[in-house]
Every structure is written in structure tokens, then in C-alpha cells.
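Next, two complexes with subunit A in common: one pairs it with subunit B, the other with subunit C.
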Partner chain A sequence: MHPFEYRKVASAAEAIAQSADRRDAIYLAGGTEVVNWLKDGIVTPSLLIDLSACEFDRVSLDAETLSIGGLARMATVAADPAVQQIAPAITQAIEASASPAIRQMATIAGNLLQRTRCPYFLGARHSALGTRPSALGTRPASAERRVPSAEPCNRRVAGSGCGVVAGDQVGAAILGASPGCVATHPSDLAVVLAVLEAELVVQGEAGRRILGVEALYPVTADPAVENTLLRGELITAVRVPVGRAAGRARYLKIRRRASFDFALVAAAGYWLVEDGVVADVRLGFGGVAARPWRARTAEAHLIGRQPTAESVARAVAAELANAVFLPGNRYKADLLAAAATKLLLDPPGLP
Partner chain B sequence: MTIGTPLVRQDAVGKVTGAARFGGDRMVDGALEGVLVRSQVGAGEVVAFDVARALQVAGVVRIFGAGELGVTGPLEHWAAGQATVPLSDHRIRHHGQPVAMVIADTRAAAIEAAGLVQVTVEPGSVRVSLPEFLDQTIEIKDWAPTHSAVGDVAAGLEGAVVTVTGRYTTADRHHLAMEPSVVVAEWTGGDLELWTSTQWVFGVRAALAQALGVAADRIRVRTGPVGGGFGAKGSTWPHEILAAAAARVLGRPVRIRLSRAETFVAHGHQPATVQDVTLGAAADGTLLAIRHQSVSAAAMDDDYVEHGSLGSRTMYRCPNIETRDRIVRLHRPQPTFMRAPHEGPGMTGLEIAMDELAERLAIDPVELRLRNYADADPTSGKPFSSKKLRDCYTLAADAFGWSRRTPAVGSMRDGPSLIGWGMASCLMSTFRFGGAARIIIRRDGSVRIETGSHEIGTGVSTILPQIAADVLGVDPARIEVALGDTTLAEAGGTFGSATTIGVGSAVHAAATKLRASLEGLAGEPGLEPAEYSEVLKLRQLDQLAEVGSWAPKREEGAFAMNAYGAVFVEVRLDPIVRLPRVSRCVGAYSVGRIINPRTARSQAVGGIIWGIGQALLEESRIDPVSGRFIAEGFGGYRVPCNADVPDIEVMFAEEFDGHASVLGARGVGEIGTIGVGAAVANAVYHATGIRIRDVPVRI
Partner chain C sequence: MPVHLTVNGRAETLDLDLRTTLLAGLRDGLGLTGTKEGCDRGECGACTVLVNGRPALACLMLAVSAEGQTITTIEGLAADGSLHAVQQAFVDHDALQCGFCTPGQIMAAVGCIEAGKAGSTAEIREWMSGNLCRCAAYPQIVAAVAAAANVGR
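Up next, the complex of A and B:
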């Protein structure tokens, strides 16, 4: 048992203050992630700060910005008329996420701060974690916690290695990976927000700052850095610029199971065709990197080209020029090209 | 007649309202909690334990290592899921094997302490991958022959105009019952009472008797409603033995609850198979040769054979058939039966090969099967007890609209969507276990059936009253059922689609005897049910009981018995993304007489959904380094969700199989899963031209 203290706070300011004097405090919002982390021993905070009574959970709209509170529940946001009208891809991404029950609980900020579902990160979740021969005998007797992961994972135990490299690679990243980590980020919403160039309102001890959604994640997968938030910082709002991109973008998720499944790959974006060529385009990928992957190389490649499947395939190939494949995840290249082609040529309709 | 009426499940309301009490709901005063420390290497030797820090955790009572529990293997009784008994030696045979057991006052304390047990292991070299060791297959002795041969396959192939040969694979799969197993063991003096979530209370008793060195009559095994088993709870597994052993040593009740993650290592899985199938046929499609060689992944020191070639011995008329089932020993947990064993994986290979043959010969897939229809078992030569498979082909094909199929690949579309239609034959060997039941009628006219069978969600507690009601003429609502207890009349395990045959027939026998006894008491035949109470009153009896039993008869061995079916599916694929989804499915089955159309339909539909899982989703991936099944939960192992399940229509052929059971019934529990994998693979080929020989389908 890992004992921890639980405190419920009424405002972001109070939450930040509470966390300031407890270095290992973590925030609890919807709980659909954090509770699992606690159960699996992924996090061992001494203080859990419950944000559920805080009020940064509203959706609001002005002429330039659709603003979504960090604590807004996913289901609420997906059903919001302003969201559906201004940025329907957000609704598409949320409705493709998890299950209805989880979407009722989970929050927008929490969704962006999910951790990977890499099976090596999740590790051996047996009720008892006992034997780990590489560490046995060498483990310092003073170690406070049980061995948190049975298998190598640099995100779980720094320096333990990456189990995917010699292991099961089917879910591994192909872009932006580092030698020490090939995890992917599981969020659907983040891919859409990257394409919409949304900003995050972040509050912390030092005050408020604005962060582009892409800047929330390390450029190259860094097992030691889940995200770029500073200790104690909270995402209080997501701001989506109102305009063409938000209005036109769509989201397409490719998954094995027809519902309640993470993406094998995903694509978000749109193109605008003028005079028979692509005049404007945005494209982002999910399921391929430890971050939402804005495909800027592919976008540049498409501008001025004919809006055909061949153009998309070449653009995706260009984006993947620096991709690194393992034997088990090569399928993602073709599937990604198919997803992008489908998204741009035959975008999924709105409900 | 209540047989044949769609009575609502007796257990339905309790299960949907939460009133049903499962094993984990049982509270036992003073029970200690056991948590198993499991190996996280796939092979090696335990060389040292350090439990000093673990023992400091408040509430820890005892930590057991190897050799401290008074249990030994190997277990010879077939009720034991595995012969090896963990904690009886220091050897590690697979990832997840118990290497120590912590006993504490609370589960939380036990889990914490388990994480602090320091186990020093001398790791051995681990072999995990089935494809990598396919050159090291062995053939072992098993309950069924591992090979068969009639005629001369080489000669048959020589005479064939068309030959199809291919390698077909199925994946490792896990049962994933909703209810993880819970066991509570309590000794009173030298007597053990053990509550566990099991499909076979008498099997657990037999295996425990051997493992513990205790006479079976000193052991009482009980189970409540079982929250899904699918074969994982059909045998006796280490957690049951270890709970009983620990409770004996400590003199206090011990409970072990498996976590969801542990269900991936603790009670078996369906092993991956690699099947080589060769078919030879004349120009008109007549089969001249069938060769089916199946290899399944097995544990290092425990024997389990997935008889992948079993169906090919029986399915089609053919003068030359040769089959063989072999295993490869790997550092994996012991596999076990999983709905549907043997033919479930095995018919996938045969039925995709048949589709390939149909295409090569330009013969309709249904027509090819009809041209090779077996009227007797082609391997044993025995006549079939009853077989209405022709009706199944017709019923299902008509309902599906098969005649509208255009055979050319990619020729059927709905707008841009690619459509494929595929079908497969289904066959599953019929298992029959003897059994007994006691039936009691009370003076108030109410009836009670007592038998050591099990309600695993299939409808046993609903159909047994129907069978008794039919004989006695009483309202089935006045018949209660007691199950899951070795103090009741002995019944076989609730698996192998065998319970209606065995236990149903025993209830029929008991009810028949009871009726005769009542008539004897009355002194006249033709007693009206309304007069039962009067007769008991007249004879000053509070109740009257009879025990009936049923067992397969020797002369019935002259017949080959199987469940049969035909399944048709439609798949749709987006032409760009090409991810198949099943959009329609029709199955028709020949399973003997239907006792309850509602529960039978539910079994068949559930089976088809299970088959869609096999076809498109289910694969338990394994880490090639450690041998860890990496899913460890519903998040990492995909079973179909509602969105994956299309409209499913099932039908049953009119049938009465008097050789299989006195009721005319055979089994309906598993046949629905069979053939779906092949039918989906064949449909994907029809839509795309991509020949699928591996399930789940990955294109």
C-alpha cells in the first residue's frame, strides 16, 4: 500500500498553492488515468489534489476564440453546440476516444496529459511484482518502493532500457522516437488540436502562460519528460482559433476494434482546392509518435499539387523520409498513407 | 411440453440487478488473503529468497517458498489443468509462474509484501516464439489420437487435378471471463471446504485429493454462479491447490483472488497453431486427398495438445485422409481448452483451404461442400448418430441470400464499400460425460433438482427444470435447482458443450423415476400432476426423492457424434483503408433437439461473436524475450465490442438425435464459434483478392 493524502480544492490558485509545498503531489481531475497509475504503481504521490470542485470547466465562444476549460468533461465538450459548429473535428476526436462511460468522467486537460499505453511502460501488472533478476541482488537495500516494472522501460525506470526494441513492436512509434523510447501518445484530441493550432492556458506558481499545444510535448521522445509543464502547473483552458481550419478540419481514426480502442494510426486535417490544385492544407497524424505529429513536410509537399491520392501518398512518403521503422511496425507507413488519403479525399461526415 | 419453449433465464434478473452472489462476494470470517509472487523471467532456477522486508509489512502472516506447503506433483488426474505444481520445486518454467506466496490479514498487505519479496533467480535461456522452433515439434500421447490415416494421401494427390496447399495460423488467445477467479479454502479438522469459481466441482475435488494427499470424501468443493469460464475454469489450477495447502498449514481460511493481469497466466489460454493443409480434388471437386498437420505451442513440462487436425478427420467424404497434431515445447504457461477447443482453431485451416479449392475449380463454395458431403465418418467409417448439415447449408444460405453472390473477386460493392461474402462449414466433436441428479418433490407440489453441475451463464439452471417439468407435468416455475456442490449428485464438468446431454439426461432419468415412484405410491399409472401432493399426503410423506443417472452406452460407440453447422458472413471494407468489419452473419446448426430456443440462440449468437473475435481481433501478444503475455487486461487484449457485432441470425435444423442422448439433444455451447474465422477470411478474399491464411486478419 502506498499511503497518500487527499485534498479537494476549489480553485486553480488553491491547487497550485497546495502543490507548491509538496514536491510529489499530483492532480486528480476525471481520474480515468490517474487512478490507474496509482493502482499500477506508476505514480506514488504523497498528496493527491482533487480538482473536481474547480470551475475551469466551461466552454465559451467569442469572435476569435473557442475556449474550452481544462476541466471540461470530454462528453460535455463533444456535445457542445459551439464546439460542433466551430470545430467539429474536436467532437469527432472525442467521440472516437475511449468509451461513453470514460468520456463522461475524463477531462480535456487530462486527455492531453495521458501517458502511453505501451505494454512495456504498463509493465507486468500482476498482483505481485517480485522477481526481477536483472535488479535482484544488485538492488540497493534502501530502495523504498517495489520494482515498478518487470520489463525494461526507460519511462518507468530510468536507464532500464526499452523493451520494445527486442520485443513486441506493433504499437511502436515511427516518428520522433529516440533510441531510448519508441512510445506513442494515445490522445486523439491532441492530434486535432495540433492541426487547429490551439493554445493552452497554463497556470502555475509563476503565473499564467500561453503554450502552443504542440509545445506541450517534447520534440523528440524523451523518456524522462512526459510533457513540458512545470511542476505544479495546470492546463486551465484550451483556446481554439475560430476560422477556416477549425471549420474544415476532420478527424479519421483507424483502429482494430470498431469502438473503444486506441488508434493504430490517425489523421486530422483538411485541404482547400483552388483552380484544381491544393491551395491550403493542414495535416496531422496520431499513433505514430510520442506527440501529436503535425505533418508540415507533407503539407508543404501538397501545396500547389493536384488533389489526388498519388499526391497524398507522395506527401506522406516525404513526411516519413526520416521515419525509423522496426520490423513490427512497418505496416504503419501504408496505413498512414491510407488514412491521410481517406481523410483528404473522402473526409468522414459529421453526425 | 416445456421443452422447446423459450423460457427466460432463471438467473437473468439476479445477474442484471447485481443480486447474484459470485465467489468474490463471499465473506469468510477470519480468512487470510493470499497473493502469489510471480516470476518475471521465463526460465530459470530460484536460488534464494529474502523475505525480511516483506515480513515487516503489518499484517503479513507467512511467506511460503518452494517445498513449504506439502504439495507435490506431478498431478495425474485429468482434472488438473497442469501436472506441475508450483512451489513444489525451484524451477521456473514460464513467466508468471508462482515462485512464492504471501499470506496476510488483508489483500493490500499481501500485495505490498509480495512486492518486497526479494527472489534471486539464475535465469535460464528462454524459448518463446512458435515460428522460431517449428523444427522442434514432438508428438505426445493425449486423450485423443494425435494422428490418423486412411487410404493413401500421396496416391490421392497424384490423381488430383487440382491441389491446394497452404500454411494457416491462429493466434494465442485468452478466455477473459468477466469474473476473475476467486478461491476460499477452509479446513475443519481434516475436512476441507473449498469455494471456487469453477466449471467442474468434482474435478477440483479429484485434483485436490491427489495434490494434498487427502481422501476425496474429506473434500467438499462448491461454486456459486460462475462469471464466465469458457474453459479457463474447466480444470483445477495452481491457485486452488495453493489456497488449500496454505489454509492447511496455517489452520485458517485462505482466500486467493486472481487479479485481471493474473488471468493471463494462471489458468491457461488457447495456444497458437500453425497448420499445414493440403487438399487434392478431381475436376468436379470430389476430394481425393486431405492432409492436415497442426502444431500448437505448449508448455515446457506440461502436456496440452490443441488438436487442430481433428475436424479434418471427419468433415468431408474422402478416401485418403492423413492428420497429425504435434506440439512445440516453449517457456509458456500451460494452455488449456478454450471455446471452442481443437476444431475452433483447426477448422480455420481446413475451411480456408476449401475456399481456395472452390476458387481454383470455379465451383461455388457451398456446392463444393455438398459434393463432398460425408454420410459416414470418413476416418472411422462409423455412421453419424444424426447429422442435418445439408439442412444447415440450405437454411443459412437461403436466409443469407447466398444465391445472389457474384463469385468474382471485388465484384460486389455498396457505393464505394467493398463487400465480400464468405462461408464455412462448422464441426465440433460431441463430448458426453455421465452424470447423476437427484430430484425431490415436496408435499406442497414444489420440486427441487440437485446435481453437482454448474451455471456458467449458459442456461443450465433454466433448462434442467424444463426437462423435469416435461416428465412430471409440473410448472417449471415451481422447480428450483441446486448446483455446484460435491455433496450433490455427481455430474461432469460444464464444458465441451456436454451439459445438456449428460446432466439433462440424468435429470430426465431422475424425473422419470420420481414419476414412477409417485404412481407406485398412488397404486395407479397415469397420475395427474395435480394429484402429486395428494399422494404424498395420503402416504404421510413430506417429500419424495429419486436419483437418476445417465451414461453413454457402449453400443452408442458405434456412431460418430458431432455438432455441425454452416456459417455465412458479409464483410465490408473501405476501399482506401481496407480494414474489414463484419456487417452481417447467418449461422445454421445441427445440434439435435433444442431444449430452450432462447438460451440455445444465445449460445449460438455468443459463439459467433466469439468467432468474430478470433477472426478480426483476438491475439494475445507475447514478449519474445521474457515470454510475458503483454496484454494483461482488457485494454491490451481486444474482444469484440458492440460496434463490432453486426446483425446475427441463427437457426437450428429440426432434429432428434436419440443416439447422443435420451433427450435427443447434442451440445450447442461452442459450435457457433467454429468456422467464423474461416468464413471472415474467405469473405475478405472475396472482397479484396487478398488470401488470408492467418487469423486474426491483418491486411
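Up next, the complex of A and C:
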């Protein structure tokens, strides 16, 4: 682990001020991402700004908005009665994320700001054996035990290439990918928030701004761009509009293991059927792009159609008209259609 | 940098390199080697401890950011010389083979039961899914957690 200075701050304003003085500072919230990245040398800040004492970690509700603090822990949010009542898909998405202990630590903003990754981005872990440091005192445990990734990855080392091209393509993106990167964004929550049209309250040196959750992510995957936050900016809250979409949307995640795994594909949304046809629908996909993928083409395709599996399959096919497949991820087209069909026709029950 | 923690009911002060994880601080700094290092990246659950009563992965926490917190490790679970109900249930149900994952399994089980997520086999399996057992003692682990949850009721 690269040496760093450490400061614990008590407010967003203090965090932003500390960050302004140090161009390469990074924020530490739950730590479930950043501590791994520090160990792997993926981030090498000279200053770590610990947000854990800040107070933007509350859930609040008024007539129009469910507001979730950026520092709220995932487990706390999933168990919150207001969240479960107003936007149960948020609870579904969180409970499908990571493992219970990680959800106790990880924060909502941190979840949205996870790095887009694939096995090649994480490749360093496979070459870390045999470099255990000596006891504490002479050399800190967990420090400097990782070696640089032996795998090509444009997100790890610009211009090093992409290991997926000739390698493991099972998880690779099919929408919005670039030649340089076909990794997917891992957040389950982001898919639900895109469908609920949630907004982010973002604070930085220039003040406060509101950002639609979809606008947090680049439109087309770019290995050099993780998200659209400006340097030093923080997500202090997620604001979810109260209403039909929040109340009716559900989340369905398909993964290789029954639990504690990233999505192969995921679907979020709902439809409303009136007079035998789809009168209102929202649909979003996970596991298909370096961003949560709001399926607006599929939505437009479904309006006025009969609520059948055939309609869903055609709508998903329309959404995937511009999809680019690799030999190892062609299955995602069928699996996505199946997931969307199950989500809309037979939505998963609430916890 | 000095770090002040309450570990298993005792006030402790550690003088640590900033880069030390809570896991390394507990094991190498305090000699509490019951908490195990498995993957050291949050994927196996062997390092599960309770931070302020809730399960946390000690490998993903910098010790310095745990300043002022209350930590419970496997060594702090037994009270007055008798095993905690979850420990006793693991013994009764033979819920281990090599034992390496067991401290993490037990701490996660305490959290699972506390959270009220031990109501059925399926629920226990889901809520214990972050704790891997390469001996695959899972059926016995689930049985032990279910039994301990019933004891607590």
C-alpha cells in the first residue's frame, strides 16, 4: 500500500475544503471498495479523507421525495420502513448486492461510485500469492503485498489492451461498450434508481448541483472516465420521487451463484395494464453496460401492446438492435429477455 | 498514529502505521489471532468481527478509521467462562471441519440472528452467504445457526 496521510472530517464542507488543497486526495466512506483499491495500488492518493464521521447518512421522507443520505449504509437503507414502503425495489436491489457484512459497511454513494470492472481489471489478485509481508512494526501487514496486474486492462494501465477480447467474455457488456473496454458497472442499486428517475445531490467547490442518476455515468464506456463527478465532488443525497414508479417497480437479478455475486443480467421496472394493453411501463437493465441501462426503446415498444411474453421479447430485441456481442456473451440477449419477462409478468415478491 | 479501540470490553491503544487494516491491528497488534485472514479483500468472511454490534469485515477497514469504536472478536464472545449460544451450537452440530472459517462464521451468525434473518434454512443460507467454508460444512453450519436462533427466542 502506498503511503498516505489521513484526515477524518466532520462535514461535507470540510471534506471539500481538504480535497481542494490536495489534488490527488480521495474520499473514504464504507471502505469496501477503496481499501481494496489501496491494497492493489489502483489508487495511490497522498491524502485519504475519511467521511465516516459526517452526518449525511439519514433517510427522510416527505410527500414528494424519499431522500437517502449518501453516507447511509446499504443495510440500514434496505431495512428502513419508509424505503420498504415507498420504493421496495431499493431494498430488493440492496439485498441482492454483495454480502450482509459488506452491506453493513458500504454506503449508498459508494455503491453508485463503484469502479466499472471485470476479471482482468481485478487480475492483480491472481498474482498476489507468496508476497506476505513480515510482522507489524517492520512492515505493515496488508501493505505492499500486491504486485501489478499481469493482465492487460485499459482501466488499470491506459493503452495496455483489453484482456476480455481473447479471454473470459461471460460478464462483458453488450450495450454502450467501447473498443477499449467492455466491462460492466456492478451496482444493482443504480439500475433501480435509473428506473425510478432518482436525482443525486452533489456538493463540490462550486457549490451544490442536482444530477440525474443516469447522468452520473458516461454514455459510452471510456476506460479513462469512471463517472461524471468533478474532482472533489461528493454525493450527499439520493432523492427518489414518491409515486407509482417507486411503489410498483421491482428488481430481478440473475447471477451464477444463488447469492453474493455480480449480475450476469438484471432487470428493474414495472408495467401498468389498462384495457388489456400496456398503458405505462418502465424498464432498466443491469449487467449489460458500463452504466445502468434505461431501456427506453423497449419501453416505447411496449406501450399499447398486449402484456405478453412475446411483446416483452420483441421489445427487448428492439432495445438490443444496436447491441454488440462477443462469442462468450451472446447468451445475454436471451437471458435478458427472460429476465424482463419474468420481472413484468411474474414480479419477484417483496422480502 | 495512535488508535483507541474498545476490544472485547477492554480499552486498547495501538500505535499503528496508517495503512494497517483493522484485521492486522487485531491479529498482529493485539495478538487476537482468532480473527482469520482469508482472502484479505472482503470475499470470504473469515475476518468477520462486530463493530458497534454489527458484522463487519476487518480486512476492509483501516484500523485508524475504527477510532473510538467498539469491536467484538471471537475471543470476546464467551462470557463468564461459558460459550456463547452460537459457539455452543457450532460444537453441538459439528459445524466445522478444519475450523479456519469458524470464527468468521460464528460472528456472522451472531449478526444474522441479531438482524432477525435466521427464520428459515433459506434465509440463513442467504444471510450467511458472505462466509465461505472450503470444507463445505454448510449443512451443519445452517443447522447450528437455526438452533442458536431458537435458543435465543
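Rule of thumb we're sticking to: the second predicted complex is superposed on the first by the 326 of 351 C-alpha atoms of A that agree within 3 Å, B and C clash if a C-alpha of one lies under 4 Å from a C-alpha of the other, contacts with A are read in each partner's own complex, and residues count from 1 in each chain.
Keep in mind that, in the parts below, a contact is a pair of C-beta atoms (placed from the backbone, for glycine too) under 8 Å apart; a residue touches a chain by one contact, two chains touch by 3 or more.
Treat the numbers as computed from the prediction; the structure is a model and nothing was measured.
Applying the stated contact rule after C-alpha superposition, one finds that A:168 touches subunit B and leaves subunit C untouched. In the superposition on chain A, contact is made by A:31 with subunit C only, not with subunit B. Of the two partner chains placed by superposition, A:327 touches none, neither subunit B nor subunit C.
Shared-chain residue A:159: touches no atom of subunit B or subunit C. In the superposed model, A:276 lies in contact with neither subunit B nor subunit C. When the shared chain is aligned, no partner comes close enough to touch A:81: not subunit B, not subunit C. When the two complexes are overlaid on their common chain A, residue A:100 makes contact with subunit C while staying clear of subunit B. Legend: residue contacts after superposition of the two complexes on their common chain; A:259 is shown touching both subunit B and subunit C.
In the overlay built on the shared chain, the residue A:338 is in contact with subunit B alone; subunit C does not reach it.
Once the two complexes are overlaid on chain A, the subunit A residues touched by subunit B in the first and by subunit C in the second are 1, 125, 136-137, 141, 145, 258-260. Chain contact summary for the complex, subunit A toward subunit C: residues 1, 3-6, 8, 28, 31-32, 35-36, 38-39, 48, 50, 52, 75, 79, 98-102, 104-105, 125, 135-137, 140-143, 145, 258-260. The part of subunit C that touches subunit A in the complex is made up of residues 1, 16-21, 23-25, 27-29, 40-42, 45, 48, 54-57, 59-62, 64-65, 67, 108, 111-112, 115, 117, 125-131.
Contact residues on subunit B toward subunit A in their complex (touch as defined above): 35-41, 44, 46, 53, 96, 99-100, 102, 108-109, 111-112, 114-123, 258-262, 265, 416, 574, 576-579, 581, 616-617, 621-626, 628, 630-633, 635-636, 638, 640-644, 698.
Partner subunit B is touched in their complex by these residues of subunit A: 1, 41, 117, 119-120, 122, 124-133, 136-137, 139, 141, 145-147, 150-151, 163, 166-168, 170, 254, 256-261, 309, 331, 335, 338-339, 341-342, 345-346.
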